[in-house]
Amino acid sequence: MKSLGSIRRDFAPWNDPNAKPYIQFENVTKKFGEFTAVNNLSLTIFEREFFALLGASGCGKSTLLRMLAGFEEPTAGRILLDGQDLRGIPPYRRPVNMMFQSYALFPHMSVEKNIAFGLKQEGMPAPDIEKRVAEMLKLVKLEQFAKRKPHQLSGGQRQRVALARSVAKRPKVLLLDEPLGALDKKLREETQFELMDLQQNLGLTFVVVTHDQEEAMTMADRIAIIDKGEVMQVATPAEVYEAPSSRFVAHFVGNVNMFEGKVAERAANTTRITGTTGAQIVVENSTDSKAGSDIVFAIRPEKIKVTSKKPADAVNALEGEVYDVAYLGDMTVYHIRLDDGQIIRASALNAARVTEDPLTWNDRAWVSFRPDAGVVLTR
Amino acid sequence: MNATWSRFNVTSVVLGFAFLYLPIVLLVVFSFNESKLVTVWGGFSTKWYVSLFHNQGLMDATWVTARVGVISATVATVLGTLAALTLTRYTRFRGRILFSGMVFAPLVMPEVITGLSLLLLFVAVGLDRGFLTVTLAHITLTMCFVAVVVQSRLVSFDRSLEEAAMDLGATPVKTFFQITLPVIMPAIVSGWMLAFTLSLDDLVIASFTSGPGATTLPMKIYSQVRLGVTPEINAACTILIAVVAVGVIIASVANKRREVQRQLDEQAAQRG
Amino acid sequence: MSNIAITDAGPSTAAKPLLTRLGAGFVSRLVIIVPYLWLLFFFFIPFIIVFKISLSQSAIAMPPYTPVLDFTDGISGFFAGFRELSFDNYVWLTQDALYFKAYVTSVIIAAVSTILTLLVGFPIAYGMARAPATIRPTLLMLVILPFWTSFLIRVYAWIGILKPEGLLNQLLLSLHIINQPLIILNTYTAIFIGIVYSYLPFMVLPLYSSLEKMDYSLIEAAKDLGCPPTAAFWKITFPLSLPGVIAGCLLVFIPAVGEFVIPDLLGGSQTLMIGKTLWNEFFANRDWPVSSAVAVILLLLLIVPIMLFQQAQARAQEQDK
């Protein structure tokens, strides 16, 4: 038996040119009157993938999910599921099931009736339904709550009923609309891992909509970042974080510092950038920008070192003053105002109990980073 | 105790309720009056109730009213629920403005106009005035009230319940009967009760649209009231009030109990 | 993974989704059509008939008006009948001062009663909205309960109270507040009392629902910012309760204009209101065309308030969403 981690590590059909796509959005556009919710969007999701649609509210991610479920029809383009065009197929005939943000538990039915609902629609014989319901109740650990009505359950229990109900029919794809949105933080973290286990054990394809980047990063195999109805980037959580494809993605996921400037000089492996404020930095080549063209260097706070003296061997070292210090326990966040006026955010892990170099407000400080610690962005 | 529940507030509520209830209480009290003079107390007696039950005309009218009420309330509940669905679910169709106008206007339309216009319709189509015409008239009036009651429930209805049902494989028709209808049922029931009482209560429209053999209780009471106040009418009114009051109180107590139970359940669920 | 079964049976059911859709479309159309046709036939068309008959002449026949406008004489007979229609009844209404006076009196009585109902209803609604949340549902039920008891009975109850030898006069005489019984029954005062009493729940309920929704911390904020309580009421509470005020006033005013039972039972024969006039014209004089004309003018009079009412309803519905 392979561990969950190793299964997930080996799972990367998106890198396999022969892998067959399972869900395909092909140039999908959805308009509501004048408003364009989804704009000429294409996306491919593979079988057994845990796929997250991440974006701010109103970005069109929920519309994508609703089109997949059949509650909305695309204005243009098509959606394929295992090669079959879904156009015109009503929600009650699609082999996908959805877990609703509000859970949408039927208030007049007990937990077991809720779970059995979809199976009854299918015309499954009663003894089989009973068996499946018992199985589902066991899966979500709600055996003793079978006869309760939804209002007699806590938030976490309701969430699990909704989950059990949506997987009871063994759908090809499970759609989850902000599945953990209504839970408190602690419960949410526990449930994230339960969802991942469930997805692995049942071998389902999960498409989850969320606005919570931490949730998406924890659970998903790949994340699609959506903004204004368009896909900004589709990549694994690590890629999204370490190699964002645009300023938007870099800003949207985690914290980032941006050095704006022009290409001053291009060498074999490195590019020298003159910042708009005058500072010179050297970064690793990652684009073929010509000298003089606009460029942005994006670097995460934890990749910047803050010291009170200039580090001897650093390629990039800029001087400034400590503007703000926030001690967060596990780490400390510094805001350094560089002498050219730009404010840099840097974080340091508090590995030792006492820091030997405690910087504080208004201290002079140096920030330094390696040429390959960030990414060059042109978009 | 709420700090904002001031003496002024308490006084106005108490006085307001006294104003609302005193006439009814007096009417009930004097229905047990021995004396024939309604306003002079002559001792306790239930003789007017006895004579009431020997008044064949009144008994007949009660029977007519009950039948008209049940039939019209039932049909009105079906039509009113459909109208409410139309108003909340179909935001765009030809003639929607006219439709919503026809639903809301009868709520405030002076009864004399509604009554007269319905009568003229029945004459125009050659329908004899009687039981059927009163029932049709009451359906038309009360379906609008049902529509408003059911509509206000549908507006707050969580549409994702229906989507969930369809997502799980239920067709739209099945979804309506298995999910929507059971969830809005309390509103439909109160719509029916409202329709029934409105029908029970109506004098003006019934006077216009009714014919021989279909005299309703309000029509009967009205014709007797015009001749003067009698303890017998007081007794009849008291019975009517009692029937409605008991019905409403039972319904609301049951409702209240359900709600309390629900709250207890929810609290227990949060703890457990 | 081969082809997934999207329809639950084999390929022969490929057309099934389409059929089901047609079915669903038909059902959803029925949902609209049935109540629509019903209201069209029993509410809208009758008004057209009322209007048509208001243009006819009274006749001693059944139905008691002419022309009847039907197709017994074929199309030509129908159109011949058309030429007989006239505005004579309306001309007659304007010439008889009685009708004009009845309209004006009805509007004034309805307006005054509406204001009185508002004055009586506002403190009650306000007191209810400020009541502890636990007893609010009970208070609400107590306001609704009289509404469930017969209108006719509630009006009737006032006869016993207001008549010269009635309970009110007995009380006042025994307290030596008055020496002579007050004549209230069969006056306009009795009509005001009757309307305020009967329509009070219609005023209190919308007022209560808008006042109850109001966040009391707004008042506290106003007071905190230096606003005295009276000013806070006029600057915060009242404007915020305005939708309820408007809805309540329309709910009282519109039916009160055409009220029949109250002026008939409490107002006696001396008072004049249009609902009673219409009733008498119809039942006593058996003049259907004139009573139709009276109804048409009454409707024209009320069309603006009715439209205001509908707009208020639509707006409230939007807010609920």
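Order of writing sets the chain letters: A, B and C. Residues in each chain are counted from 1.
The rule is simple: contacts are C-beta pairs under 8 Å (C-beta built on N, C-alpha and C of every residue); 3 or more make two chains touch, one makes a residue touch a chain.
Treat the numbers as computed from the prediction; the structure is a model and nothing was measured.
Farthest chain from chain C (centres taken as the mean of C-alpha atoms): A. More contacting C-beta pairs link the chains of B-C than the other of the two pairs A-B and B-C. Chain A and chain B have Cα centroids lying 55 Å from one another. One finds 15 Å separating the Cα centroids of chain B and chain C. Each of residues 90, 93-94, 122 in chain A touches at least two other chains.
In chain C, the residues that touch at least two other chains are 20. Multi-chain contact residues of chain B (touching two or more other chains) are listed as 171-172. Those residues of chain B that touch chain C in the shared complex are 1-2, 4-6, 8-13, 15-17, 19-21, 23-24, 26-27, 30, 38-39, 79-80, 82-83, 85-86, 89-90, 93, 95, 98-114, 116-118, 120-121, 123-124, 136-137, 139-140, 143, 147, 151-152, 155-156, 171-173, 197, 200-201, 203-204, 207-208, 218, 221-222, 225-226, 229, 233, 237, 240-241, 244-245, 248, 252, 256. Chain B meets chain A in the complex at residues 158, 160-161, 163-172, 174, 178-179, 182-183, 262, 265-266, 268-270, 272.
By the touch criterion given at the top, residues 69-71, 90-94, 96-98, 100-102, 104, 106-108, 117-118, 121-122, 148-149, 151-154, 157, 165-166, 169 of chain A touch chain B in their complex. Residues of chain C touching chain B in their complex: 20, 23-24, 27-28, 31-32, 34-36, 38-47, 49-50, 53, 63, 120-121, 123-124, 126-128, 130-133, 137, 139, 141-146, 148-154, 156-161, 163, 165-167, 170, 197, 200-201, 204, 216, 250-251, 254-255, 257-261, 265, 275, 278-279, 282-283, 288, 291-292, 295, 298-299, 302, 305-306, 309-310, 313-314, 317, 320-321.
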